[in-house]
Amino acid sequence: MQLDWSSIPRASNALWEGFQFSISLTAFAALAGIILGTLLAMARLSSIKPLSMIASGYVNIFRSTPLVIVIYWFYVVLPFIIGRPIGAEHSAYVTFAIFEAAYFCEIMRAGIQSIPKGQVYAGSALGFTYGQNMRYIILPQAFRNVVPLLLTQTIILFQDTSLVYVLGATDLFGAADKIAHRDNTLLEMYVTVAVIYFVISFFLSRLVKHLHSKIAIIR
Amino acid sequence: MSQYQWDWLVIFENVTDTDEFYYQWLISGLGWTLLIALSAWVIALILGTIIGTARTLPNKFVAGIATAYVELFRNIPLIVQLFMWFFVLPEMVPTNIGNWMKQDMPHPGIITSIIGLGLFTAARVAEQIRTGILALPRGQKNAGLALGLTLAQTYRHVLLPMAFRVVIPPLTSEFMSIFKNSAVAYSITATELFFQMKQITGDYKPANQIEVVTIVGLIYILVAFSANRIMTFIERRVQVPGYISGGK
Amino acid sequence: MISIKNVSKWYGNFQVLTDCTTEVKKGDVVVVCGPSGSGKSTLIKCVNALEPFQKGDIVVDGTSIADPSTNLPKIRSRVGMVFQHFELFPHLTITRNLALAQEKVLGRSKDEAMTKGLALLERVGLKDHAHKFPGQLSGGQQQRVAIARALAMDPIVMLFDEPTSALDPEMVNEVLDVMVELAQEGMTMMCVTHEMGFARKVAHRVIFMDKGHIVEDCAKEEFFGDLNSRSERARHFLSKILQH
């Protein structure tokens, strides 16, 4: 078997572009997913029955469905809704934000529930409204408690972005796959992306672990 | 796009120029999905238990190897792992074995998916098992040893039976995940449910994609829901009287 | 029976045991007491090698614990141990808790192990609970089962590691009664406990530990009889726990 590693430098521009898409998709989905997920978590914990039912339905549906099928479903449904074709990449942004919100919701919910009830009473006793209680007392504490979990989910999300392959989008993996077939360098390309994904995920997860122990000390 | 011709019965139509029906393709795909997921689950449970247990052993070398396995398989996306097994491995092994894998191995996509998905999930199961063992009171191990049980017997009769019960809830979510993750197997030509769906929506019924994708999505939800029910049933069956999980 | 010779132990740089030496003869009941963190629980766990130690040796019935060629499971099977938190196996019924090690370690048959277990349950007054799970018993009942579990192995010596300190006060006596009975039958016992009433009643010797050292090691009569000749630390400790 003849390996041709000289193909890697030639491919580096394309890989870099794919990598940038992977990162921006990850960042956007994490940010939007956390905001949407926090709102969903508040809805799930709400005493208004229909609201909490809708929120838990949302979460359960997305958590029971394979990501590839969600990616594909939005890709065929979004054009129907907006009335014109939508590119693979734009579709992916929308899909990942909506999909990840279900996972971030569960993390935020655990975070909110980890705050003792006495904190809510204390806030209410000071005259805070529900919104003020959330904004100033509950969410800041909840958020700090779950930062490691949110980051861990983001690392998983980063790996999951490779599934935009199903739309033929050019993320890191997609770029590698396209070059692999163009230059007939399957081995070199697949091994390279595997190493890139591993190095990034591994070091980020180390970082999260370190952060986790730091937060544990502060508490 | 505004004149979308809805046809929810599209899956009951005849495949053009054959006497097959689309729903038959989906059923066959579902069968492969179940086979891939369940077989991979067996691998994941066995290997995951061994690796998770190994990570808690006093022997640093064994624990180190187990840790390396978990880190390796957790930090590479599943689709990349499947591609490695399917495209890269046959080139890495001796030529005659590689040729056999490429040409003569039966159902290469299915077999590779089962092994790839099993090895991938084993790393996650291992983490749950390890957490479960570490969550047990430290005195339990001492109590087993103090009775004269060997370390192996202490794991076999004392620690693992309790650890399994503790990890059933987190394992439930892994069990559901393995059905969901099996959909990625389409990318290495395993003719499972998602693969069949792509066939239908891509080449055969591009006009009714929404219906077909929605129906297949619902099938996946149903499978995940059933998996959840099965695990809840098992959880109730093995519940230890007087023991509230998380308590002492 | 048990001979502890110059045992020292460190956790990293922190020394938990310093040059501990003592002996427990056949038929002796020895009570080990001392403030928390004095190393008494660590010392008793060294006797059956649940905790390793770096210096010195412990010889149990002629067998060296420090010797790497010693078959530890074998020696442990002959040394009974009762833990502070009972450590019954929650997934097994009471009878299975009693039978497991008899079958797996001693190789007894199922019937034999069951008969033995039931007899011991009767003895600790819990025969009616044989088919329950540990979680369904009170703390005092669980600890009595734990004693029965250790006795089922026909131990030559029993180690008790604070057997009553995790119990609600009203359950302490039911456990102590079993222990007293055992002592009166001539069982060799080493007990880490703060129950001075128990010590006065059945102990032959009392060991007082502080900061990893064995400070006092003398006959019961001497220990309780002449408080003024006790060390400063022992008096301080006793004044605290004997007040009430």
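Letters A, B and C mark the chains as written, and numbering starts fresh at 1 in each.
Going forward, contacts are C-beta pairs under 8 Å (C-beta built on N, C-alpha and C of every residue); 3 or more make two chains touch, one makes a residue touch a chain.
Predicted model, so just to flag it, every value in this text is computed and none were measured.
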Arrangement of touching chains [line / ring / star / complete / other]
line
Which chain lies at the heart of the structure, taking centres as C-alpha averages?
B
Between subunit A and subunit C, what is the gap in Å from one C-alpha centre to the other?
53
Chain centres from averaged Cα atoms put subunit A and subunit B apart, in whole Å, by 21
How many angstrom lie between the CA centroids of subunit B and subunit C, rounded to a whole number?
47
Where subunit A touches two or more other chains at once, by residue number:
none
Which part of subunit B faces subunit C closely enough to touch in the complex?
137, 139-140, 142-150, 153, 157-158, 161-162, 165, 240-244, 248
Report the residues of subunit A in contact with subunit B in the complex, numbered from low to high.
1, 61, 63-70, 72-73, 76-77, 79-80, 83-84, 159-160, 162-163, 165-166, 173, 186-187, 190-191, 193-194, 197-198, 201-202, 205
Could you please specify the touching residues of subunit C with respect to subunit B in the complex?
45, 48, 50, 72-81, 83-85, 87-92, 100-101, 104-106, 132-137, 149-150, 153
Of all residues in subunit B, which touch subunit A in the complex?
1-2, 4, 71-72, 74-81, 83-84, 87-88, 91-92, 176, 179-184, 186-187, 194, 197-198, 201, 209-210, 213-214, 216-217, 220-221, 224-225, 228
